[in-house]
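You will see subunit A twice below: alongside subunit B first, and alongside subunit C after that.
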Partner chain A sequence: MTRSPEPLLSIEDLRVSFAIRSGFLRRTKAEVRGVDGVSFSVMQGKTLGIVGESGCGKSTTARAIIGLETPNSGAISFAGERIELATPKRRRQLARHIQMIYQDPFASLNPRKTVEQIIGEGWLVHPDLVPESERKAETALLMRRVGLDPALSNRFPHQFSGGQRQRIGIARALALRPRLLVCDEPVSALDVSVQAQTLNLLAELQHELGLTYVFIAHDLSVVRHVSDTIAVMYLGRIVETGPIGPIYARPAHPYTLALMSAAPVSRPWAVSRPSRIVLKGELPSPLAPPPGCRFHTRCWMARARCRIEEPKLREVAGRKTACHFAEEVVAEAAPIGTP
Partner chain B sequence: MITRPADTLLSVDSLAVRFGGNEDAFLAVEDVSFDLRAGETLSLLGESGSGKSVTAQAIMALLPRNAAITSGRIVFAGEDLVSLPRSRTRDLCGTRMGMVFQDPLTALNPVFTVGDQIAELFRVRQGLDRRAAWLAAAEVVDAVGIPDARRRLDAYPHQFSGGMRQRLVIAMAIALKPRLLIADEPTTALDVTVQAQIMELIRDLQRETGMSLLLITHDLGVVADVTDRVAVMYAGRIVETGPVRDVYDNPAHPYTRGLMSSIPSLEESPGLLAAIPGMPPNPKERPSGCPFHPRCAFARPVCSVERPALRAMGDRRKAACHFAEEVVRLDPVS
Partner chain C sequence: MSVAPAAPSPHAKSPRRGKLDLRLLVPALFCTLYVLAAVFGPFLTHYDPVATNTSQRLRPPLTELRDGSLALFGTDQVGRDLFGQVIAGAQISLTVGILTLLLAGTVGTALGVLAGYRGGWLDTVVMRLADIQLAFPSILLAVLIAAVLGPSLVNVILVLALTRWVVFARVARAQTLAVRVRDFVNASRTLGASHLHIVRHCILPAVVAPILVVATVQFGLVIVAEASLSFLGLGMPPGTPSWGISIANGRNYLVTAWWISTMPGLVLSALVIAVGILGDRLRDRFDPNLTTR
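So, the complex of A and B:
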């Protein structure tokens, strides 16, 4: 596998907002900034994990990457090419390389189509990819590749379990021979034992096909397992990003620290980590994000400056963090690891 | 007959629950037995289809219409719930047992204010007048950590966030000071930081009121966080039970061991996960012998023939595996 020094995917200052309309004329009454100035990049063959709670903008970011949302501004570059500036025809060509795996294996498969039809759907849009005469064989190959029996290709989605359906979704994504997979909570609807099988499958595919992943999840242990780099999002912004090792060992943003300390782990007695921080209050409405640092309303370290001045992402201890007092957080946080 | 400690609050004995009619009937729960003492916490841990929620529904007399208890006893505070008339069970469920469900939105009535719904409990169950019931509602809403409780009583469920709604459901469950709280996946629908708040609330309430807690969950981490004991369920049966820490560190059943090693940790864990192969069996076609044997790395010929009984392993542990002594002696899960 050749590895280009350039990132496969790079996002620059992405902004996506939604209009809130109401009243007789459906006038725009307000604007929610779902994603508000997000930048990151992913190298070929690597995995970027995106974590954050509901409403943080992680799924909107994913949808913008695959073209399901139109950004208000910002650049999305795939293999050096600006996707959002491309002509519709070129966009379609590029779209083949970027496929998505969805959270809900029940809602994301058409119940009226057989597995064979579902997997082959993309070839209707990109007919040159696999000649018609070879599609049956290719479908069988894909099914075997994701651990499904090709003899079941004429069955319908409801005849499969959740884990098998997720495999069908993965086979459908692979059918277009993509280079980038955007996985939006791909295992959170699955049982523990099936979750491990699916994570292993994704890891094997990445290794064999040199795939690049953007992996969105709320489970910090899962993200740690699959990712090389991570971006922690809060209210539409990235608050901390960088290589997985330093961030998990010693978070530099209070929000990351709170997430790490509260994440349920199977054997809490076997891991040393900062004592649990239970955040006060709830996520503020994205309609009216707090001034200054967006996290200050829930932050136990917040000081006067945090209410006025919004912290910028800056280099701290081997990662980028948007906190005025990141040095203090790193210094104080007990490292996470085996005691 | 086994003698039980005097402070046993809930005792489930050889419970079996059947679903469906004659032709396609199957047992969702088989031979499930456990005890819960006053003030104690127990988790029923299992994947979908393991029978954990059906067990909880059987205790609360909330089984769906096509399900029935076919054998066993459920003794709560000295009364056998299975033989009681349904009206009496419902009575007990409202007052002495509280239940928290996974989805707080479906557990609340969207067309009544929160205050109406909670005050109704006090009026119907305790005969309080409107004013007193409203004050009692404000008190319990305050106790579950909803700020500005008195004013918030006039709001409707949709005006609360997911975490606040779950607090309201908890408020309703504990309003009449039950002796047992059954929580079925109480935090599954919530974000991590809110999850931590809700678990802390449940723990605090339990400490303050001394009620017992039966937690139904698929999340190994939540179990370790909240409860003293765990009962691991697979294919409708309890396959292992004991103190959480003993069970997690040195599982005696290969299924428990498989679960423990298949989840990634917060630390670096290179390579593939040690996943359990295959899928949980369809309840209508459970394998012969030990139901776990087709997926089990330790299975031997006897396992496909003879079903292992849940048997004692030392003082406080039980496991249903022919080779439990071998499994428990394996290197600890890391």
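So, the complex of A and C:
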């Protein structure tokens, strides 16, 4: 497969904020910066994993990519086209190429439609994609592709299990033959055994169809399993990003290190592993992010400089990280998870 | 990859489904009876609203008249057969009820969905308007407008629809607000769907069930309201056999000929109760806690 040197999706300094309104004239009282200056790019056929705890802005980033949120500033380019500047009509056309897998398979399927109607909904919106006479066969094909029995096409979502519903969601996204799939915690609502099946299905589909994924999760082992590159988010910013290998081997940001030390490993007796780092305190309110480094309120390595000067993303040991003392973190971090 | 069979879900369905639900069936049959009476009754009873038969006036129910026919509900003060009168009234009441609900339901649902979906100033304007209207007792409002427009079938329907759209609008808006933020609506939007597509395929199917339930409740109220307006002389023109007019006609004879007011009143009450029970049952059926959505 030939790969274009240009990334399929690239995001430049994305900012999405939510206004908090109150009072008589619903004046804007405050602004929550959900995503505050995020940049990354994904190459065709590759997977970018985004991790971070709840409220760090990973889902908002996903919603901005698929057009459910309007960015306040920044650029979202898909195949060289600035999609956040597209007219609503053009944006709806582009929707065909960028699809999303939702977190909750119980909320993301219309309870009043059959599986066939759900999978075929995209063809009502984009009628040129599949001729009407071939839609039934195409639905059966898609259902078989995601591991569902085509005989069940007349059933309703509530007659399926969580894993099966997620497969229906995947088939619905694939029906439009997209190039980019944004997966917003696609397995976190599923049982562990079903998680693995779903992840394998996504991996197979990527291999066969050359799909590009933006894969959002809070589970580090899941992200490691599927991703080529990773971005760790904290309070609306990326704190560390780069290829999976170096980051998982030796994190260069204290937050990444803390996340990794909290992730369970299989065969813990065979793994040399530093003691678990437990972060103190809560995620600060995104209404008033701390000055300087946003992580300093919970960082055990924080020094005076961290409270004043905000660290920029810089190249350290094969990845980009936003920590003043990244070199020290790399040195401290023993290789994790490798026997 | 293996093909997974659908999980059997015994709890997903309503436990009553498939079984004969008498509390749904009985009121439904009752309502059907009224509809049949309204449609075919006038062909069988030959009621003439202007015919008088003074020799047969004020006969109590179940009297055999001189021409050999049985006055099932008795006769009124000018000798008209009350049973025929009630049957003819059914036609008017049902027409008013159905047409009013169609008009109020369509307008109210459309405005409610629009307000809930669009939000913003449109929502504020429509809903404040609804609030202002709800602050008036609806029958007072109806009396006021009916007095200006004058009595006629079309005016009654217009007046009653004007007082009822609010209920539909509020329910439709509430349901729209609840559905609009769900993930499957986002999923449709992600597919590139237009607003029209989303309203048609996601919002309206979810709005229909509660609206139907509201309609059954409102049906009884509309029929009572029509009778009230007619009783006051503001509904149907005098001479039409509306139930309300029949009841009004008998109010001077309540002591000597109780049946003139009582018979149409009983028929009216029975219909309202039947429709009320039917609506109650339907609400249980559509309850998301009883049937998975």
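As a convention for this text, the second predicted complex is superposed on the first by the 334 of 339 C-alpha atoms of A that agree within 3 Å, B and C clash if a C-alpha of one lies under 4 Å from a C-alpha of the other, contacts with A are read in each partner's own complex, and residues count from 1 in each chain.
Note that a residue touches a chain if its C-beta (ideal position, glycine included) is under 8 Å from a C-beta of that chain, and two chains touch if they have at least 3 such contacts.
Predicted, not measured: the structure shown is a model, and the values here were computed from it.
After superposition on subunit A, the partners subunit B and subunit C are accommodated together without colliding. Look at A:232: by the touch rule set out above, it reaches neither subunit B nor subunit C. In the superposition on chain A, A:282 makes contact with subunit B only, while subunit C stays out of contact range. In the superposed pair of complexes, A:161 makes contact with subunit B and with subunit C alike.
Vectors from the Cα centre of subunit A to those of subunit B and subunit C enclose 80° in the overlay, to the nearest 10. Within the superposed three-chain model, A:322 lies out of touch with both subunit B and subunit C [touch as defined at top]. Looking at the shared chain after the overlay, A:149 reaches subunit C, while subunit B stays out of its contact range.
Of the two partner chains, neither subunit B nor subunit C is touched by A:119. With both structures placed on the common chain, the touch criterion links A:108 to subunit C but leaves subunit B unconnected.
Of all Cα pairs spanning subunit B and subunit C in the superposition, the closest are 6 Å apart.
Residue overlap on subunit A between its contacts with subunit B in one complex and with subunit C in the other: 161, 163-164, 204. Residue ranges on subunit A touching subunit C, taken from their complex, read 66-68, 91-96, 98-100, 102-104, 107-113, 121-122, 124-126, 144, 147-149, 152, 155, 158-161, 163-164, 169, 172, 176, 201, 204. By the touch criterion stated above, subunit C contacts subunit A in their complex at residues 1-7, 9, 12, 182-184, 186-194, 197, 201-202, 205-206, 292-293.
By the touch rule above, subunit B contacts subunit A in their complex via residues 47-48, 161-164, 191-197, 200, 218-222, 224-225, 245, 248-249, 258-260, 262-269, 272-277, 279-280, 333. Listing the residues of subunit A that touch subunit B in their complex gives 53-54, 161-164, 191-197, 199-200, 203-204, 218, 220-222, 224-225, 245, 248, 258-260, 262-271, 273, 276, 278-279, 282-283, 336-338.
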